[in-house]
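Encoded as structure tokens, here's the structure I'll be asking about.
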Amino acid sequence: MRPSGRTAEQVRPIKITRHYTKHAEGSVLIEFGDTKVLCNATVEEGVPRFLKGQNKGWITAEYGMLPRATNSRTQREAAKGKQTGRTMEIQRLIARALRAAVDLDALGEYTITVDCDVIQADGGTRTASISGACVALYDALSRMQEKGALKTNPFHGLIAAVSVGIVDGKALCDLEYVEDSNAETDMNVVMTADGKMIEVQGTAEGVPFTHAELLTLLDLAQNGISNIIQAQKSALNLV
Amino acid sequence: MRPSGRTAEQVRPIKITRHYTKHAEGSVLIEFGDTKVLCNATVEEGVPRFLKGQNKGWITAEYGMLPRATNSRTQREAAKGKQTGRTMEIQRLIARALRAAVDLDALGEYTITVDCDVIQADGGTRTASISGACVALYDALSRMQEKGALKTNPFHGLIAAVSVGIVDGKALCDLEYVEDSNAETDMNVVMTADGKMIEVQGTAEGVPFTHAELLTLLDLAQNGISNIIQAQKSALNLV
Amino acid sequence: MRPSGRTAEQVRPIKITRHYTKHAEGSVLIEFGDTKVLCNATVEEGVPRFLKGQNKGWITAEYGMLPRATNSRTQREAAKGKQTGRTMEIQRLIARALRAAVDLDALGEYTITVDCDVIQADGGTRTASISGACVALYDALSRMQEKGALKTNPFHGLIAAVSVGIVDGKALCDLEYVEDSNAETDMNVVMTADGKMIEVQGTAEGVPFTHAELLTLLDLAQNGISNIIQAQKSALNLV
Amino acid sequence: MRPSGRTAEQVRPIKITRHYTKHAEGSVLIEFGDTKVLCNATVEEGVPRFLKGQNKGWITAEYGMLPRATNSRTQREAAKGKQTGRTMEIQRLIARALRAAVDLDALGEYTITVDCDVIQADGGTRTASISGACVALYDALSRMQEKGALKTNPFHGLIAAVSVGIVDGKALCDLEYVEDSNAETDMNVVMTADGKMIEVQGTAEGVPFTHAELLTLLDLAQNGISNIIQAQKSALNLV
Amino acid sequence: MRPSGRTAEQVRPIKITRHYTKHAEGSVLIEFGDTKVLCNATVEEGVPRFLKGQNKGWITAEYGMLPRATNSRTQREAAKGKQTGRTMEIQRLIARALRAAVDLDALGEYTITVDCDVIQADGGTRTASISGACVALYDALSRMQEKGALKTNPFHGLIAAVSVGIVDGKALCDLEYVEDSNAETDMNVVMTADGKMIEVQGTAEGVPFTHAELLTLLDLAQNGISNIIQAQKSALNLV
Amino acid sequence: MRPSGRTAEQVRPIKITRHYTKHAEGSVLIEFGDTKVLCNATVEEGVPRFLKGQNKGWITAEYGMLPRATNSRTQREAAKGKQTGRTMEIQRLIARALRAAVDLDALGEYTITVDCDVIQADGGTRTASISGACVALYDALSRMQEKGALKTNPFHGLIAAVSVGIVDGKALCDLEYVEDSNAETDMNVVMTADGKMIEVQGTAEGVPFTHAELLTLLDLAQNGISNIIQAQKSALNLV
């Protein structure tokens, strides 16, 4: 029995609130249980220097945690003067995942930056970020279309992410913090609606994992992601 | 007529949500109209080096704005590697104001850090921060008392802050962004419930202001702060 | 009786030395008793990016303290790799005050930077900085006029600043260090020659201050500033 | 046909030179074809603060690239004043992989830092780093044992890493730079000698990858890693 | 004929003002013509970590230039967030030179930091810094002796520094800025009163210099330094 | 007898390996005994801003040490976020020396950056860097000529550097680490093939040095440099 009373396969209750703040072109508060992440998509004209003149767009992401999003207070990165390796790693992952959801050539010379800021953390902040950021990105692209900034919709389709892992020898989906901190193997998976993989990042925290365990975890992930994409669609009124 | 339909004296609708996040000892979302700030108070044992061995406590504050809290995206301070002068100035103001509300000797060797993070900005983020932080601080101190960490309550009384200013020659209370950006004079005032002053920061943006104007603005401020303290009390069930 | 033998109303002896260094367009050493600040105004063509193409000028300020300007040595900010919040706050204040003394539209596309470097500190470094910087700015503008870079003189009039405060229950003008470090209330005021206010920054260090105390302090400030402006005029041969 | 004339399954020629520099406790130059990484293991007494008093050790890693290890010069991170997100991500990966190879409890209160510095880059620098670092770590642990600093050998067994990917629709092992930069899917795998997984990091650069493709890539990886571990053993005279 | 009307051998007028500021244990304003440097020596108990427990002292130096010490304004290092290579190089030179003037064993566990801040620059700021810092150091050591902090005087004897160079084929002593910026060879020399060398740093800016030129420059330097040491003695009432 | 069995005049065995890495326009591994430095020259179009439009080129250098190039591990500068003063000082010296070997006007608007990275340190890393960098620069310039990027060869002639010093009262050439760390006087000399001087940097570590000692050291340096230039010529097939 999991702390939350869930079965091994179940994801936490997912809540997606669109238009959460008023300024951003896409603004989504996503909740995976007690994990709450605000995902704001900003559309700006122009592209980074390395893309200039190629007539294509760019999507990037930044990630942060409010200092007291966690159980004990974490030092504010802005005050410390640099982002941690963990933050860097996560925001690179979010950005790669989002770029896989969009045809950058069709986007044209725009940059979309999705800020994922963790309001409250209880495990799975990077997977919640990706899943919420995708909805914010969807809204931002829709708004660009409405305003005539895009000829065709560059969106390939929804993507979502979930963490899976092995805790006390048992494979579980959507780990919350107490599970995550005891996991022997921890895996973050980003997938499309039809179960194709965008990112698979599996890590053995203690004992190496077997091929069989990997397959079990991927199955769990696919099932969980399918539920999350269902929640995205429902929030976007696509069902 | 003000953009929001308010009279010159009126503050915006104030909403104070306590226990907004689950980890912090005090957690308050405060809203002054469309300005929304999350204020989390963290209690930690020990004090900064300069206070060691004096048997007194310390209260400090940090301030941040989510990159897209504003109309156009602001660069993330953590990514830039330093906090702006504006951020520094604001967090020093919040901390000074909060320290004035507490007897640091009675606090004992604890440090309370209040993080004020702006979720959405529409003018008055520093005054909303102070007003919300005071409630979060109250909750944190109450929790310390409940846990027996404090012998006596070191809290002097509620404080709150409001911005006042002269816009198009007219003195207004609790400026929202469009007003603030056109103000000839801009003043932030922090007061106690009985109208005593903790901070007065008045700035002539264009034309210098007169003694009479200063007095008018202080009157407006006192009235506005009295309304905000009413809202604090109501949120804290102190009425 | 104050440590220096002054009455409550008296400012310290003020000494203003123009042309203190040879390179700057305006170079003033200002002394408020033992507080000595070197104020160098630099005129450069062009304006910051946010003003480009608006056909107006900009005035900014930077503040620093030599490491041993103070009683015990302070770490060099350049070595530490960042300016403290106090430095940021002070240089923002100086710059705002100076901009209030000048018609930026009449200045044209020039940037004037006033560097205020504290050679020796004994309280009131920010108010001495503003008062000296105004004279350096005056000299720089005069020089621009002589060289034909300005059609009309953009200077509105002299401004000066003084600190006032309540020490042991008594309101005092132009606090020196030992007074300042014991003040219950500390206020920095920037005014024009005719007593109009540009900045008022009052802070209760311990007990909140009353409306009556504020008025007393403003009176003291106006009187002190009037003396400082007299000293400025005298240095500039304007009397 | 691959640019190097290899079959899809073949790893590049692997060369492992031990004792490459004279100061480090373990010093290995590893070459995967034209990719050359110097891996130096340093043993120091003591552990990071978060491990103090737990009677266990720590293994960490740092990664760097000489500025002209790459085809065009990359800015020196030390000159820029910060490490890139890519560097952070890689060094975290190397460290996690090495920790999985060692029983930290048996290590005792020592910290081993493995510096992986890329002398020449041609794809696969992170996998070469892990594979070389493991040998340097082995040598450092052996030396500790010889000196009597360890009671039992905390080494679990050799680990190695390889990159696999899909290029022009074809699954390839140990990608060199021209292959890597055209890969649709790119995966880095860290495994033990018996094929158990320590890290799997697969990324779709363009099109998402299927379950079947993942399995093919893992097969290729296992085969490649088995060859690399063979080379490690041979360098360590373990065969 | 040199711009200042000096002969090739002559140093500029040297002016040494002791007790220039009131807080520092040694405070000297040194002027080499228009070059003016404030040298403040601070005595603090304790030594840097690498000297702990060795029962010896340490002398270090920091160097800075006020932004408008130069003809055009230089960016403030504190604002930029780092010291330039030039600053680093100069402060290392000053510190090495000063350490050569003192018996660190006899100093005991004290650290003396000499801050050399350039108020106005006209060539030779590093040599003026060393020459003035030596006097400030002398005063600080004397004060330590008076206070009983030192058993014996650790001072070996006065040292001074001068720049020499070849300009338009002619060897000159104590270059001012217009000479220095046209020098083919530029050399900074630090010597003791009896002509022994502490530092010799000669640089060919364009054409390499010959052995004969080196000897000529050293002769000029010895003569110039002898004049500067005379000025130091005179300021210290040692003649 | 020196630790290495050399006579006082002898330099260590010098080994120069050209084309050490494959990407750089000039790539040289230079070894002075156990000191090994990789010198990579990169040619890029364009010049720094301060040279724009002057139709001349620029040569610069950067220096680094791998963390475990030294006997105990040195913290990685990239991780620390800044370069040490020592690094800055050395890379400025290397760059100045190299610029003295080239006619920047004849180079045209190109920038050549020479990265000197110390793989293993045993004293004399800066002199080995200069000596190796000169060969890498030679190769880079030759390659530019072959490609037609240069009309005339801007190279003035080979330069090299050696350290000399007084250890236990005896003048020695090309100090290795144990000698260097005990030297009373330490001098780095950069010369041309005909014994003209480009840089002379002599430092008394303890006792000041005499004119006679300086001359002895310069003699030793000239002899040592002549051997190093011989090795450079031999590596370049110029003999």
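Note that the chains take the letters A, B, C, D, E and F in the order they are written out, and that residue 1 is the start of every chain.
Keep in mind that, in the parts below, a contact is a pair of C-beta atoms (placed from the backbone, for glycine too) under 8 Å apart; a residue touches a chain by one contact, two chains touch by 3 or more.
From a predicted model like this one, the values you see are computed outputs, not experimental measurements.
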Quiz item: Fewest touch steps from chain B to chain F?
Solution: 3
Quiz item: Can you list every chain in contact with both chain A and chain C?
Solution: B
Self-check item: Chains touching both chain A and chain F, listed by label
Solution: D
Self-check item: Equivalent-chain rotation between chain E and chain D, CA atoms, steps of 5 degrees
Solution: 120
Exercise. Give the pair among E-F, A-B or D-F whose set of contact pairs overlaps with that of B-C by over half, matching residues by number.
Key: E-F
Quiz prompt | Inter-centroid spacing, chain E versus chain C (mean Cα positions, whole Å) | solution = 33
Self-check item: Inter-chain centre distance, chain A versus chain E - centres from mean C-alpha coordinates, in Å
Solution: 59
Practice problem: Report, in whole Å, the distance between the mean C-alpha point of chain C and the mean C-alpha point of chain F. | Solution: 50
Quiz item: At what distance in angstrom does the C-alpha mean of chain D lie from that of chain A?
Solution: 28
Self-check item: Of all residues in chain D, the ones touching two or more other chains
Solution: 81-82
Quiz item: In what order do you meet the chains if you trace the ring from chain D in the direction of chain F?
Solution: D, F, E, C, B, A
Quiz item: Contact residues on chain A for chain D in the complex?
Solution: 82, 84-86, 88-89, 91-92, 96, 100, 187, 191-192, 195-204, 206, 208-211, 214, 218
Practice problem: Over in the complex, which chain B residues touch chain A? Could you list them? | Solution: 21-24, 27, 34, 36, 38, 40, 42, 44, 62, 64, 66-73, 76-79, 81-83, 87, 113, 115, 117, 119-120
